[in-house]
């Protein structure tokens, strides 16, 4: 017998710009939204019956319509509004909304930040993933596309050597990565009873994001790294220690190797000065750090 | 208390070309390999102790060394050899090897296929994912980057309409997708006792791949599609029906919309003739089809 | 004094699919079109006067409208129709239309090629560039995205050595490239008086394209290459010799290096068998081959 | 008769990181370098004689060797050093060096900018193109990858309407572009006799770059734009007016359209608030602004 197992569907890469004209300046938001639904959709697959299939075109329209009235705060709240809307369909058991927010900053001018001209900033992308089911709400926030380099206090020694090992031990290397991190907010985020279930009414998602980002950058800059693995742990632990609203953080760090160029054929030394940055191949290190008293 | 949860590490994007010089022609293989390990690596994260950390540079070296002697058959077997090698390290509990094989075909000439000149073909990418743990071997094969279009016998009707629905019902549309499929071979693939555990000694992975691909293309071309969801089911079911060695197949199909251009402002009709192909946004439909008598 | 010098404007990346429903099968065309105009547009730049500025949105509309009735032959003729249309505007001195045609092939099935299902082929992209001015018509055709490899009969020796030279002489290497070629058809392409000026009424652009492509592949496969430079010359010369309608061909060949892996640390030799394909950095070799009796 | 016409060759995508360890902080430079040579290379093409062909691998080595001692100032000077080196080969008539510098900023921490940790900034890429021939030196500098948006004071009206025109006149639109600009420094850049020929010994390339960038951003933010064409003129004219060292500037501006979403089917208005940003198709506007008293 043959059966349908896990399935989902939705709309990806919904691009959206919202412009709000304040009295003294404009506010520009630039998002990429994805919607995915799980639920009672087996008939569409197995019987060709679309009666339960909310069209992905409808999802797109809903995102634009909601953007008009509900996109006035952090992307986590916009994601919550959308996910709750879709889970109201009887056939939907779980709705996941992924949002990437692309950064724009006012153009700097002699007279200060321009009120109506912006430049796209590429330092990082802010991410939110909101999952709403009948029983549960999960709010995750994250950082993608953050390319960073430590130029000292990073090494890699003490690793096992076998027939295929040629890498020398190195006490002081460049460590570069394009960091992706995503963290989950606690279901009851503070003593006052704020909870993700109620939309995290009391949680200031912008402040939380900024707080996590700041700890991440602070530890990234200041820690001694004996390996990318250790960096993940040190950063993750510090974030959990500093931000009680965060229960768990997952990080994915490619190790973007910088190879020292051998200049000796040209009669030159190269005391860790000239490097070839590469992307292929790259190490890929992943780890999750969490509070150990969480129920799974 | 803060703890390390799920973690893994490895090397990605290892690029490899192998050239075999037969008497009458050359054989060209072009692979991208990724290795990921799970196991007893907590000390690296938490204590900065790399004693257990097989260097990702060593993984890369191993891939090249193994390519010389072990890359003489399908990528599934090369993946098996690599995964088994890495799981021999005491600290490794599971090794996953992902391989993408890029197609090259002999250059066609007046005298027939050239023996020593090749052109890269872009119709699809063949994929294998081999996972070896102490207790188990899983061999998956797949297709990526297969862009296909059905120009009739595809529609989408009968879906629910709400306030945000504007999509018209359409009986006859273009359906285009960039298909990704990955299927898992049965642990005991045939009556003769061939099993994935023994490296699938009796399984002809090239023949299996070709068989699945042919069924996929055949059904893709011939079926009537009331939705992308239904296409996934029809294709998956046919593959499981035709290929006893396959236990389960997962498919991911973006719906690459083709919008009919409104030519009426120019005094022209457009009877499903001129379309704008788009990639943003796109539907994204996923489904797994499996034998229902499998133990999970 | 400050003045406006060279300028042009237009619309790029106009995506277009045309489907023609024949009695027994469908015909699928998939193009990306770009339009660029030069002419009397200085007032738009200098005075903010748009009276002469054919909107790029209008260009896009025109492409779709023309696709309905004029896209029934090779892309060179479609480009000619478009370029001639735009040069009819009094302010337009020159219109350039660039078209890339993306390949699709019928899905192969047990019953033969499917009449209404297609798969995207990635072997190469066919290109046309048509430039029409008041006085002249230039029709160019080309190939892009053709990735090829010669696995023997390619070397590189006899080059000068200086302080910075470490590359060894190599008699037998892999030569891989992603070839781009564009050739210009003669203004009077054959003795019967066919000319590009009259739209090349007598020139069979599909046959010409196929002819050039075949010579290119034939020479690519069969020639001995002492350098990429020489390959360009040998291929170009052969095309001009074989195809009287072609006056000139320009080729751009990145040299996509394949580095032999040093397996000696693992006790293995590597007799030109295992290579690392790379894209960064790459050589980039360009050359134009033409008939020497052409007026410039 | 068939002959070789224009030709060049070189090395592209040479990636390079230089780290300088100052007493109190590190300085990080990240470049992508390309070299192209023209000269007496016909024998390589036509006769397969490589005696004149400086290997592109040697070019790469030279870049790394020069980076050690000569990369201590702006990329224009590094490019000059490289171009002059290559033009010293008797067979080289012209050497062109293109450099892109990728931005990194110190990681911000509570204690100020980190001395040894950096994050990649993506606001723009600084570019230099240095061309040295026997008789001449040309130094160009530029900006790429600068994505900007004006959220008001941009319109497009008064354009001609024909059968294919549907675009409405719009007084107030979003104007977004990914700006590329490249400007040429005057051969005698100031009254004191500084000239590009002597390496621009007196020209402060960093200050010039900053000056041009600041004017560009200032005008971008402050001007009223009746068209992208006019924006090019206004920006270019202001740069030439403010920066006497600049003789000519070329700009390429894609018009990245933002389409207003029609929310009326959902009973909502949309007063220029919710937009769909797009990249396909896009307008492409180019223009060169120069001093009119220049000799060609």
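Chains: A, B, C and D, in written order; residue numbering restarts at 1 for each.
Please note the rule applied: contacts are C-beta pairs under 8 Å (C-beta built on N, C-alpha and C of every residue); 3 or more make two chains touch, one makes a residue touch a chain.
These numbers were taken from a predicted model, which means no experiment stands behind them.
In terms of C-beta pairs in contact, A-B outnumbers the other of A-B and A-D.
Most remote chain with respect to chain D, judged by CA-atom centres, is B. Chain centres here are Cα averages; for chain A and chain B they lie 25 Å apart.
Spacing of chain A relative to chain D, judged by their CA centroids, is 31 angstrom. Shown for chain A are the residues that touch two or more other chains, namely 15, 61, 65, 164, 166, 265-266, 278, 280.
Interface of chain A with chain D (complex): residues 15-21, 26, 28, 30, 61, 64-65, 67-69, 104, 107-110, 114, 116-124, 146-153, 174, 214, 217-218, 220-222, 258, 261, 263, 265-266, 268, 270, 272-278.
Listing the residues of chain C that touch chain D in their complex gives 1-15, 34, 36, 41, 44-46, 48-58, 60-62, 65, 89, 156-162, 164-167, 226-230, 232-233, 236-237, 240-241, 248, 250, 254-255, 279-293.
Within the complex formed with chain A, the residues of chain C that make contact are 163-164, 166, 265-267, 278, 280.
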